[in-house]
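You will see subunit A twice below: alongside subunit B first, and alongside subunit C after that.
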Partner chain A sequence: MQLDKSDLQEALRILSAEAGVFVPSVVEGVSRFALWDGESSIDLSRVNTELPPKDILFPQTEKMYSYKMGKNIEIKEIIDNPKQVVFGIRPCDVKSIGCMDKVFLEKTYVDSFYAGKRENLTVISVGCTQTDRTCFCDSMGLSPSDAPGADVMMNDTGDTFVVEAYTDKGKQVMEAWKPLLKKGGKKPAAPECTLKVKMSPEISVKLSKMFEHPIWEEVSRPCIGCATCTYVCPTCYCFDMNSDNHSSEGTKFRCWDSCMFSDYSRMAGGHNPRPGKKERVRNRYMHKLSYFNERYETSLCAGCGRCADKCPAHMDITAFIDRVAEEEMENA
Partner chain B sequence: MNDTLEIKREAQLRETARRLLEDGTVGYIIGWGTTRFEDKTAPLFAAKPEEADRLVWNEYCINSLAKYSLDDKYPEKKIGICVRGCDSRAVNRLVNDKQIERENLFLIGMPCSGKENSVCEGCSHKNPVVYDILIGEPVEENTEEKASAERFREIEEFEKMSPDERYEFWAKQYDKCIRCYACRNICPACSCKECYADQYMVGWQGKQNNRAESQVYGLTRAYHVGDRCIECGECERVCPMGLPIMRQTKKMLKDINDLFGNYECGVESERAPVLGEYDLTDRDEFM
Partner chain C sequence: MHSINHECTCSSNPLIPHVCQVTAIKQETPDVQTYRIQTLDGQKPFSPMPGQLAMISLPDVGEAMFSITAQGEDYIESAIKNAGQLTQAFHEMTPGQQIGVRGPYGNHFPVDDLKGKDLLFIGGGIGLAPVRSLIRYCFANREDFGHIDILYGARSPEDLVFKEDLSLNWPKEKDTTLHVTVDRGNETWEGNVGFVPAYLEELAFSPVGRKVILCGPPIMIKFASQSLMKMGFAKEDVITTLEMRMKCGIGKCGRCNIGSKYVCLDGPVFTLAELDELPDEN
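Right, the complex of A and B next:
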């Protein structure tokens, strides 16, 4: 099916009657996913937003429960799972949601805060018509024009979008859009990432044997220990829990945390098993490219390129992967 | 930028670096090296003479380097650092703050006619203010008129806004802040062994991300850097959300200049920060 671009506003209006619709937008100069108010512009001109869409499911600060102390202790759960739609999300970011699903919903523990939001979220992906110089999703096994994890997949053909439903949630969207959709439409050929990275399953295995390798000392040296890479990363999901207390009442919240911070791994007694940048950079790269693969059989990097684009020290995970690929190993 | 002159300077830099590594004057040299993108360089740490040729010198050598010396406070041999004007002021900053020993450093002076970085416009110290060896000839400095006109131009505009407008401006800026702390970590004036913001058990700084907490962070950082800002602009360059952070310290520097006379930080190696010393003749009508 296809949707005329001139009908896009109407299509979003239909969805926004039932749910909050997030669209790629520029807010105070920052490109990010923002709640569409019916008029604000939808910015599909960028390949990727500067900030990833992960905060829709995993807010930077999320209140969990509030409490009041006194004779009668009062504890109130805070549940905030509105119906939401994210429109215009690129295939790499869809894959990232898939990674977060694995963490928060699969194996042993189901995170109810994430689960509630995830269940109420519909994902409408728009494929890329071009790629940025830091894009390398097709080296990570993805396609810039197809997001298997989306509910609806749309691709830009110039005047129209070719629209396909991949799930039941997607079919409901198509149903709501019925008056606007026309038959036909041919999916355009996928653009190719210009940046090719030598990622392969062997890299993950190789890395698992490189914990004590001298490479970490070298690659970590430019790192300044900020959280830019982890906070612009669509898959970094680490959080901390803390309280916001006011006299005899307060709120328990969780908020993003970063393995690049020194206090992230600091233990109660003051000991820090990851005392310096070598250990922290190693942890991040290992987590992205090896540990996660071991546990979930996919890598925790989708190839969106945000970290390489934003790193203050111009560190680059793609250069690191290629470096590992070229590393000669004994017994590898 | 005079290309031939700068290409020559790069060759001289490599030659000097090789010699310094060969004769053991330095243990390693911190400079700039290539990345896969032509318009980006990254800090490079050259430890072997043959690595000297990986050093580059071009309009994309932007990252400040001096603070990397804090990773190695007790080096076996001297640390070689390439210093432009701003880097040399950062070295003075760190030495004055008793963070590093000057004799542990070997400063390779790089006269700099400006980089692909807006902060370089109106730079007041294109040539390093302190160095052990200078690579090539010094470059011509901006005239004092140009440098001083440029220095507080943005602040003068900003001061025209009413306090309410300014509050609104910063509130919107701090709504964007993701508290990655890149501005703190890159800053040569931010050298506390443990930042107040990381002392989470004490709880000065709430970890939640909201306007209030981010404003507390912004204000505390600005006042803490205060009169020790060397105006390198790195805080603003690294901010992934594009906050015009340098306006805060620049505003303070402008007030300091108005109150205490001409003051630039990190230019002299021994001068105490103006707010850190007390003199009976200091103006105090604001008290």
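Right, the complex of A and C next:
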């Protein structure tokens, strides 16, 4: 099926009657996903938004429960799972949601906060028509024009979008759009990333044997520990839990944390198992490319390129992967 | 966006603590107290396996993971050392104080693998706390296990935790030998003086048919492990527990990983052979 581009706003208006619709926007000069007001323009001009869409499912700060201290402690869970749609999300960011699904929904415990939001989210992906300087999703096994984890997949043909439903949630969207959809439409060929990276399953295995390798001293040298890489990363999910306390009552919240901060792993008494940037950079790269693969059978990197684009010290995960690919293992 | 304040004290959300109460407090050493914890209606908050952990909180101060030292019909106990802001607040509590509790978390001591074996428990300082849950389990199921040796060391006589167990309760148990040592004695101390690893080598335990449970500060674990290897113990037969900073306790928040394992979920109990498979980072 296809949707005329001139009908896009109307299509989103239909969805926004029942759900908050997030679209790629420019907010105070920064490109990110924001709740659509029903009128403002939808910015599909960029390959990727500067900030990732992860906060829709995993807010930067998320209230968990309120409490009142005193002789009796009162604890009240805070549940906030509105119906939401994210429109215009690229295949790399859809894959990133898949990674977060594994973390929050699998392996013994289900994270109730995430699960509630995920259940109520519909994902409408729009494939890329071009690629960016730091994009490398096709080296990570993805296609710039297809997001298997989306509910609805749309691809730009010039005047129209080709629209396909991948899930039941997707079929409901197509049903709601019925008056606007036309038959036909041919999915365009996927663009190719210009940046090619030598990622392979062997890299993950090789890395698992490189914990003591001298490479870490060298690759971590430029890092200033600012955590920009983890902030802009669509898959980085580490969080802290803390309280906003006002005398005897307050709110317990969780918020994004970063493995690049020294406080992250420091224990009461002062011991820190990852005391310097060598250990912290190593943990981040190993987590993305090896530990996560071991635990969940996929990389914790979708190749969106945001970390390489935004790092003030010009650290680049793609250069790191290529460096590992070329490393002679005798040194390990 | 709308917000619903959901009133519920029995949430299935694993990150929401249950309100419990501290019904008894025992001063073990100048900086260690044991807290008896019960639900508000006097029940046991949950039934942990030996070695499992609990997240204990004062919501306005903080929340942290602690080993569960013991359990009875209607309570669990945790022995906690005053080491930071939250534990300082615990040490200021009086009986009747309400706290938040969630758990139990983590794996547990492999009790089935220990059946029929002689057991050597080695504890250093507050490291006797996680081991105590297993020692009590073994005494409660005494016929399942062979001879039990308990080697415990602390900095000084006054730093010995669970003094009543060490001097009164445990020596009375069948087929059980206690070996207590301190780094520095005092005028009244008549027991052994010396570090745990040296005393361990002096006692010359045979590795045949014997499993070791080893908990204590990292430096003691390191040297006691070396001693055990020298004495001929296999790494598969030495079981220890790890500590890492934890926030969620359910394998999500990220910080307690060692390689691809999360100490809160896959640990805290590992054999030395299992630790050899992990990156050296703890």
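In this text, the second predicted complex is superposed on the first by the 326 of 332 C-alpha atoms of A that agree within 3 Å, B and C clash if a C-alpha of one lies under 4 Å from a C-alpha of the other, contacts with A are read in each partner's own complex, and residues count from 1 in each chain.
Here is the rule we go by: contacts are C-beta pairs under 8 Å (C-beta built on N, C-alpha and C of every residue); 3 or more make two chains touch, one makes a residue touch a chain.
Since the model is a prediction, treat every value here as computed from it, not as a measurement.
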{"item": "Subunit A as common anchor, with subunit B and subunit C clashing or fitting", "value": "fit"}
{"item": "Which superposed partner A:Met69 touches (first subunit B, second subunit C, both, neither)", "value": "second"}
{"item": "Which of subunit B and subunit C A:Arg295 touches, first, second, both or neither", "value": "second"}
{"item": "Partner chain in contact with A:Asp240 - subunit B first, subunit C second, else both or neither", "value": "both"}
{"item": "Touching partner for A:Val232 - first (subunit B), second (subunit C), both, neither", "value": "first"}
{"item": "Partner chain in contact with A:Trp256 - subunit B first, subunit C second, else both or neither", "value": "first"}
{"item": "Subunit C, subunit A and subunit B - angle at the middle CA centre, rounded to the nearest 10 degrees", "value": "90"}
{"item": "Which partner, subunit B or subunit C, touches more subunit A residues", "value": "C"}
{"item": "Touched partner set for A:Thr108, first subunit B, second subunit C, both or neither", "value": "second"}
{"item": "Per-pair minimum CA distance [subunit C against subunit B, superposed on A] in Å", "value": "7"}
{"item": "Set intersection of subunit A contacts, subunit C complex versus subunit B complex", "value": "240, 257"}
{"item": "Subunit B residues within the subunit A interface of the complex", "value": "35-37, 40-43, 45, 63, 67-68, 71, 172-173, 175-176, 178-182, 184-186, 198, 200, 206-210, 234, 237-238, 240-242"}
{"item": "Residues of subunit A that touch subunit C when the two form their complex", "value": "20, 63-67, 69, 71-80, 82, 103-104, 107-113, 208, 211-212, 237-241, 243, 245, 248-250, 252, 254, 257, 259, 264-269, 271, 273-274, 279, 283, 286-287, 290-292, 294-295"}
{"item": "Residues of subunit A touching subunit B in the complex", "value": "27-30, 50-51, 60-61, 133, 195, 218, 221-222, 224-228, 231-232, 240, 242, 244, 253, 255-258, 261-263, 277, 310, 312-316, 318-319"}
{"item": "Parts of subunit C lying in touch with subunit A, wherever the complex brings them together", "value": "1-9, 11-17, 19, 58-60, 62-64, 83-84, 86-87, 98-100, 218, 243-245, 247-248, 250-255, 257-260, 265, 279-282"}
